[in-house]
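In the two complexes that follow, subunit A is the common piece, with subunit B as its partner first and subunit C second.
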Partner chain A sequence: MYDLIVLLVLLALGYGFGQYAEKTHYRSIIKRENLLRKIPVIASKFPPMYRNPPETMLVTGGIVISVDYFKRFVASLRNLIGGRVTSYESLLDRARREAILRMKEQTRDRGGSMIFNVKIETASISKGRKNTIGSIEVFAYGTALITQSS
Partner chain B sequence: MEYTNPKIPEGINTTTEHPLKEFFILTTGVLALIAIVIFLLGLSAQTIARQIPFQMELDLAKKYKVEPSTNPEIQKYLQKLANRLADAQDLSKTLKTDSPVTVHFFDDNIVNAFATLGGNIIIYRGLLEKLSSENALAMVMSHEIAHIKLRHPIMALGRGVVIGLAISAITGASGQGLTNDILGDAGLLTILKFGRDQEIEADKIGLAAVAKVYGHTNGTTDLFDMFNQLSKGDQQLPQFLSSHPQNESRIKYIKQFSIDNNLTAKGKILLMPKIIRKYLESTRDQNPKRKKK
Partner chain C sequence: MMLLTNLEIVPGKRITKHLGLVQGSSVRAKHVGRDIMASLKNIFGGELKGYTELLHESREEAIKRMQTQAEKVGANAILNIRFSTSSIAQGAAELFAYGTAVILE
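Entry: the complex of A and B
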């Protein structure tokens, strides 16, 4: 009984804080994506052709997000029967978009106009350790074109 | 030329469904599944446990020692009665053992009697005080002997162990105490839980044996009648009834069973031996709480 109460409290806390964090994070992501739309992010290895080759630089954006208890609980139930782990989908979606946004912000601050050869890496922290709340890291990097001078 | 990334609609890489919806569907589904699996495991364990030879059950129960009774006279009387009823149920033949039933008398106010592993039957003084006649006592005893005949204690133990193991497997370390409880110190002298059907079965076999010993079934339902009165009077029911069928329905099907099997309900009701009545009187006087209001 005691265990059950602890579990329910943890779930309620995880749900409350987790959902609040997710909502505010998404709001911020959408707002900043609109602001930075002018800096395109391209996966192509090669930049568009320029008559005067602009300056290039490595830009990076990294983020670590923790899984909340509620998400982990739902995901572990999902593990039993399979299917879309929707509770982790939104977590990774947020992390990827945030990483790209940070990369874009870096580019904007350096006066860059676009990023090409963009790659995204994902890693899970506390991998393989049982009964710990896991966190994920998403790291985005690419080559920014600084065309301010031309 | 100016490049821009287009605005991608939300809800492609994520779901728009409310997270609580998934949570409730998953928890109810998984819990239902676990409940079904545990129920089936318990059922099969019970079936398998029934096949365990009674001799093995006796050896298992030997590990748990029972304190010798402080009232050898009552103990002797109860054992004698139990042996008569056991013979009427052909117990030693069914279980292939010479003396399958051992009765223990516990000098305690608890209104209870139960059968447990190794053919042990425990009867508390509290219950004896409530019984009006030897016939009523014989019914209780016969009912418990029938449990032993039907192997209910070992079935309940088998079910308990397997369910405990299953729960500990699911919940991890936290469930471990549960199996220890069942296999360890709680092994013998605890009340094993029998199902309602098992109780009804034991009632019927028990009643038939009482009829065989006394030639009639008069006085056997006294105990249930009394409990019935108690429950109507809004008093707390004795432990004895927790898993047992409703008293009224119990009286009804016992009567029906008597009619179906041509058991005569008329006959002389025997009182318990004087020495025992005297002892029960003396303990009753010592406990002013137990006096009738």
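Entry: the complex of A and C
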């Protein structure tokens, strides 16, 4: 009985705070994406030829993000029947977009105009119990081109 | 000043000599305070700022070690840099950076 109450409290807390955190995070992601739209992120290895070659610089962005208790519970239920685990999909989406945004912010701060050869890496920072995805790390890196305005 | 890039070429510069692979790694463990915060965050969800910082620091460390190795062989740039992360034990992660050391003209 006591266990059930604890579980329900944790679920309620997870749902409340988790939804709030996700909503505010998405709002800030969309706002910053609009601000940084001018910096293209390109996965190609070969930058275009310039008459006066730009400077290059390694830029990185990373984030470690955790799923809330409610979503983890839902995902573990999903494990029984299989199918899309939407609660983790939004987590990974948020993490990737945030990592790319941080990389772009670094580029903007150093005067870069575009990012080439972008690689995105995802690692699950395993948090013990039952091998569930507790928290994940997403790391994005690429080479920023700093073109002198001429 | 060492030039770091994950492209295979540097625009406008020629590679005069390849010096081979250079690498750097760093293994970090989290400390207890951060662990407690993290387990709270596992209920509420959201960014684990402590971990983000920790991984950032250790990646910088890995880059620094790679750079020192490149300096030793006399390179002035590292091209085609790649990163990889692996969790080797519970609570510890290895961050690894590698690339090709070259001399640019």
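One rule holds in what follows: the second predicted complex is superposed on the first by the 141 of 150 C-alpha atoms of A that agree within 3 Å, B and C clash if a C-alpha of one lies under 4 Å from a C-alpha of the other, contacts with A are read in each partner's own complex, and residues count from 1 in each chain.
Assume a residue touches a chain if its C-beta (ideal position, glycine included) is under 8 Å from a C-beta of that chain, and two chains touch if they have at least 3 such contacts.
Since this is a predicted model, take the numbers as computed values, not measurements.
Visitor: Which partner reaches more residues of subunit A, subunit B or subunit C?
Guide: Of subunit B and subunit C, the partner in contact with more residues of subunit A is C.
Visitor: Touch test for A:S90: subunit B only (first), subunit C only (second), both, or neither?
Guide: A:S90: touches subunit B, not subunit C.
Visitor: According to the stated criteria, A:P40 is in contact with first (subunit B), second (subunit C), both, or neither; which is it?
Guide: A:P40 contacts subunit B only, not subunit C.
Visitor: Check whether A:M114 is in contact with subunit B, with subunit C, with both or with neither, and answer first, second, both or neither.
Guide: first
Visitor: A:G62 contacts which: subunit B (first), subunit C (second), both, neither?
Guide: After superposition on chain A, A:G62 lies in contact with subunit C alone.
Visitor: Quick one: is A:L10 in contact with subunit B, with subunit C, with both, or with neither? Answer first, second, both or neither.
Guide: A:L10 sits against subunit C, while subunit B stays out of touch.
Visitor: If you lay the two complexes on top of each other, which residues of subunit A touch subunit B in one and subunit C in the other?
Guide: Touching subunit B in the first complex and subunit C in the second, residues 71 of subunit A appear in both lists.
Visitor: Can you name the residues of subunit A that touch subunit B in the complex?
Guide: It is residues 3, 15, 19, 26, 30, 33-34, 37-38, 40-42, 48, 70-71, 73-74, 77-78, 80-81, 84, 86-87, 89-90, 93, 114 of subunit A that touch subunit B.
Visitor: Give every residue of subunit C touching subunit A within the complex, in rising order.
Guide: 3-13, 38-39, 41-48, 51-52, 55-56, 59, 81-87, 90, 93
Visitor: Hey, which residues of subunit A end up touching subunit C in the complex?
Guide: Per the stated touch rule, the residues are 10, 13-14, 17-18, 21-22, 25, 45-47, 49-50, 52-54, 56-58, 60, 62-69, 71-72, 98, 116-117, 119, 121, 123-128, 134-135, 137, 139, 141-143, 145.
Visitor: Quick one: which bits of subunit B touch subunit A in the complex? Just the residue numbers, please.
Guide: 2-5, 7, 10, 13-15, 17, 19-20, 22-23, 26-27, 29-30, 174
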